[in-house]
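Please read through the structure below; I'll follow up with questions.
Letters A, B, C, D and E name the chains as they come in the text, with residue numbers starting at 1 for each one.
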Amino acid sequence: MRKMLPPLIVMLVLLAVWEWLAHLIASPYILPSPRQIIEKIWLLREPLFMIHLPATLAIIAIGLVISLVLGIALALVMDASAWLERAFYPLLVVSQTIPTTALAPIFVLWFGYSIWSKVLVTVLIAFFPIAMNTFDGLRSVKKGQLELLQTFGASRWQQFWKLKVPSAIPSFFTGLKIAVPLTVIGAAIGEWLGAQSGLGYFSKRMMTQMDGAGVFAPIVVLSLLAIVFATIMTIIEKKYITWRKEA
Amino acid sequence: MVVAMEDVYFSYNEKVILSGLNLHIKAEEFISIVGASGCGKSTVFRLLLGLEQPQQGVIKKPGKIGYMPQQHQLMPWRTALDNAIVPLECQGIKKKEARRQAQQFFIRFGLADYEDKKPHELSGGMQQRVSFIRTLLTGADVLLLDEPFSALDALTRKDLQQWLKDIVKVEKKTILFITHDIDEALFLSNRIFVATTQPIAAFECMDSSVSKQQIYAKIGGAMV
Amino acid sequence: ADGLQEVTLVLDWYPNAVHSFIYAAEEKGYFKEEGIRLNIQYPQNVTDPLTLTAAGKATVGIYYQQDVVRARANEDIPVKSIGPIVREPLNHIIVLDKEKTIQSPKDLEGKTIGYAGSDLSEAYVKSMVKADGGDPEKVTMQDVGFDLVPALITNKVDALSGALINHEVPVMEEKGFPTRTFNPADYGVPNYYELLFVSGDKTIEENPALLKAFLRASEKGYAYMKKHPQQALNLLIAKQDKENFPLSPKVEKKSLQILMNTMEQKEAAFLSDSTDVWQQQIDWMSEQKMITTKPQPTDLFVNLLN
Amino acid sequence: MRKMLPPLIVMLVLLAVWEWLAHLIASPYILPSPRQIIEKIWLLREPLFMIHLPATLAIIAIGLVISLVLGIALALVMDASAWLERAFYPLLVVSQTIPTTALAPIFVLWFGYSIWSKVLVTVLIAFFPIAMNTFDGLRSVKKGQLELLQTFGASRWQQFWKLKVPSAIPSFFTGLKIAVPLTVIGAAIGEWLGAQSGLGYFSKRMMTQMDGAGVFAPIVVLSLLAIVFATIMTIIEKKYITWRKEA
Amino acid sequence: MVVAMEDVYFSYNEKVILSGLNLHIKAEEFISIVGASGCGKSTVFRLLLGLEQPQQGVIKKPGKIGYMPQQHQLMPWRTALDNAIVPLECQGIKKKEARRQAQQFFIRFGLADYEDKKPHELSGGMQQRVSFIRTLLTGADVLLLDEPFSALDALTRKDLQQWLKDIVKVEKKTILFITHDIDEALFLSNRIFVATTQPIAAFECMDSSVSKQQIYAKIGGAMV
């Protein structure tokens, strides 16, 4: 567990600075201290972990799956032809520049107040880095290897699975490592815009009460969630992607 | 004719490589191609494989060709054995069966202990042998081999030359073989194509009864 | 299956004391008695109560009077008020009690006022300063986004417009920030309804019976609340506790006390409406150039109950 | 200009679908039609392009520069040692999971209502993909090339400029292509949280007035802005990064 | 001793490559190393360069060594000329001056027309020559060359061999030279180190008066 040391040290330093800052500002409704937040989490452990965390996790899980499918699909489409790349890339850019708040009424119109409008917000935020990085990975396929595979009579399907997928995996993982925290914040924003449960919803409700520690408590839970996910990603990556630097 | 080029012109950008090349290879021939470095030997292979398109001329070739490129092009994420079986996989053969077939070659070529190594854990000569095995496993009747033995020590090389010479007879393969080793060319081939001009307008065709010196003389001035 | 008709109600904000009568009616079964299955929604977007009812996606919404006027006048959005809930402004100008230099709106000259970026707030402030004999041009308006209170207590602004006397004020008080407030109705702005039920034209036309039933149930809820304010509040708080969202009982109690005086007036019953209030509002907004056309008050509200 | 054709076709199809949808919904306060939006842009051209666009552009420009500096610096730090990578990566993840709305009061406390609180929001959103992708690029440096350079006695500085930078550039560009639209939306969100001018501010104002076309008009301008930036990125990339597939 | 190994043990994971190797090379010697493919020749170079650390033993080496790796390792984003000048750049020499110095070699080695080509636009032998030039430009007194001429045609190869033989005399270089071509080793070297065992416990040292056959016999059974 020596690997855990660096993040722990940095985190502790950060918490110390935060605690100090919080005492300096001395306005817990603006910046609560870590101690206050932890107390709040403990106090609210029941609703936080039994009700709101599962609600948010559901959005994250569904959102991540859809982001993956959509992101990979778009990467494949753009990789399939330069024509399609040129056609789709501007669209992806546009999708990133439309504030969710502007689209929220339309989401509600179509999906009502169901989980889907929150999932949609999550997907809208998270699919983009997956699409771009996967596309980047697909483009990094070595020409020599591709040509050789073609001489073996490999079908497009085989070229894809035997060469493109492995070549794209390192970049794909980078995309995933960017997207995972975004699904977490995406879910929170989705709930922020309107929900009946979930950590983002909880945080916003607390904000209307000017309960600083209450605002940050669910956010800290969200952050920890993201760190857990990200750590899993990194472990998988370190374990399976070892060939990266070999020419 | 199994393989033929008729009046082929090819150039990279402005640089003309082939100008009206004719080439006729009959089934079960073993042809070596020799010529100065950079004269266009590998390019001829790329044209035959359809990886480049001639600006002019006709190319006749079989549907399936086994190609061993000059650079090994092993996939860094696959083990040596799994790199070798790629052509079999492409033919839809199950991995297990494919590995079984490949293992015989690994044993024969002194790589039995290296099946599970990644390419970067192999020596240069080992990488070349894996690439060679991969080409053999295409099962193609026509093989294009681009300097297949250049990274091998003299004895291993001799051994593989003899093995190749024997096997092509038995299995009735047609071979195009690029090499810089004139002895190798003389030992293996029915005919030797010597690239004498720049760009290549025609190969000077010699049979294996000529002497090493005669070929040297034909290749002409060193370096392009 | 249960023979009830569904009513989707989009609240103006998260549940709080002002919604006590609805929760009371729901808990006491008044909606069911009227054949209604109530489905309460919180807005995803501030304008949801208006736009969703206009689009027929929700049956009833809770929204603000001026926005109904403007929706009709400027954008021709097909919504109407079907009954005022809060009959007086709650949106006062708020200053910290310790800020002694601001005793009336004219003292805002040379000061900075934080608001959420709506032109309505701008109009209130300017009208009030002017009515009080000050120069509106000398007031600085600062858009502080959605963080009204933090802006005030960190002294980034000197006063707030857009915060409510029944929510932000008691919350600040609880946190140790007593305040002083100025009511727009006392300074030149005609009295207006802070909150009202709205519904889409199509719903009003096609299903007035359902809306009437809804309003009757609401009235019953209000009557209950009036008689048993603490119980009604407790119903709301219990409901919120079940959702694991603890409301501060102290704040909500204070809030309800303030609200009780505004939901019904001597001459006007709960949910009753009058043309005058609308006409004054239309005139004032037109004066303020917030509306380009002057709609008829009858286009803006209906009295379904009588 | 045949290259412009694919995006134009897709855009036109999309606009047609949108126009049709808008007529179907027939509630311009929820979904205005493209025609209505264009009319609005024309009507409001003066304030949009003379006042609000420059304000937003300033935030985007400053935000992008800071995101670049910060993102690249973090990538370098993480590349410098596995210790630092492990220490910093969780921090970056956390930075992505904190909703800007929760931090907004703190930003305001420190920066007031100046341009800097909006720049901060922009940076917080945009630096992450730059950091992650640049880091990814740095990690893709070929071991053989690095070792060779070391035998030449290359200093760390030289290794960096001669090998790491060129190796990282393709990934860096992918990061940039992700980040550019994010700076645009970041600026809009920043303004959304409190501003006196800017396209995001303008859109929010229009929303409180329920002027659907007015809400979307500045958003469309933002999107076009992002497309212009993204196109410039792509052109630069296509022009200078040509060696990607060569082994 | 310019370069020396004393009792060096080295293994990759469990696979032992060197077991107690001693090696002593004097200034201005030209040493060729021959041995079966995969026996550990390139590994000896990596140890001398400090790219691998011995598990045991002492290695003596000069601070500056010129290394030509078996794979060319050209940077795909640099032109041929700019690849060659990397070592000069690392020494702080201005690009213009560096290019001037490199150009002489490009002309000498028949690459004058290819200065501005990217590596993938060069033939295999051309890439190897660029890599060779790059090693020469390190200006180091000790050069480790790992099969520098394996991709060159016979004539070019002869030409470069002669050139190298002449130049090392004039410039007083110390050379370690891995090759599979025994003739080449015999032609160039003062001494030939033959790897005869697996793992390498010692090199069998032969001087250039021995015959090709004697060396063949020493290398022993083909393939590891």
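The rule is short, and it goes like this: contacts are C-beta pairs under 8 Å (C-beta built on N, C-alpha and C of every residue); 3 or more make two chains touch, one makes a residue touch a chain.
This one's a predicted model, so the numbers in the text were calculated from it and none came from an experiment.
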If a chain touches chain B and chain D alike, it appears here: A, E
Chain pair, D-E or A-C, that carries the greater number of C-beta contacts: A-C
Gap in Å, rounded to a whole number, between the CA centres of chain D and chain C: 38
Rounded Å distance between chain B and chain E, as computed from the means of their C-alpha atoms: 26
Rounded Å distance between chain A and chain B, as computed from the means of their C-alpha atoms: 49
Centre-to-centre distance between chain D and chain A (centres being mean Cα positions), rounded to whole Å: 16
Numbers and ranges of chain B residues touching at least 2 other chains: 71, 73, 120
Chain A: positions in contact with at least two other chains: 30, 101, 105, 109, 142-145, 246-247
Of all residues in chain C, the ones touching two or more other chains: 45, 47, 51, 55, 150, 154
Touching residues on chain D, where the partner in the complex is chain E: 142, 144-145, 147-155, 158, 162-163, 166, 242-243, 246-247
In the complex, chain C residues that touch chain D: 45-47, 50-51, 54-55, 67, 70-71, 74-75, 77, 117-120, 142-147, 150-151, 154, 156
Footprint of chain A on chain B - complex, ascending: 49, 51, 64-67, 69, 71, 73, 75-78, 86-87, 89-91, 118-120, 138
Of all residues in chain E, those that touch chain B in their complex: 12, 34-39, 41-42, 70-71, 109-110, 113-114, 121-126, 129, 146-147, 150-159, 180-182, 216, 219-224
List of chain A residues in touch with chain D within their complex: 3, 6-7, 9-11, 14, 25, 30-31, 83-84, 86-94, 96-99, 101-102, 105-106, 109, 128-129, 132-133, 135-136, 139-146, 170-171, 174, 177-178, 180-182, 184-185, 188-189, 192, 200, 203-204, 207, 215-216, 219, 222-223, 225-227, 230-231, 234, 244-247
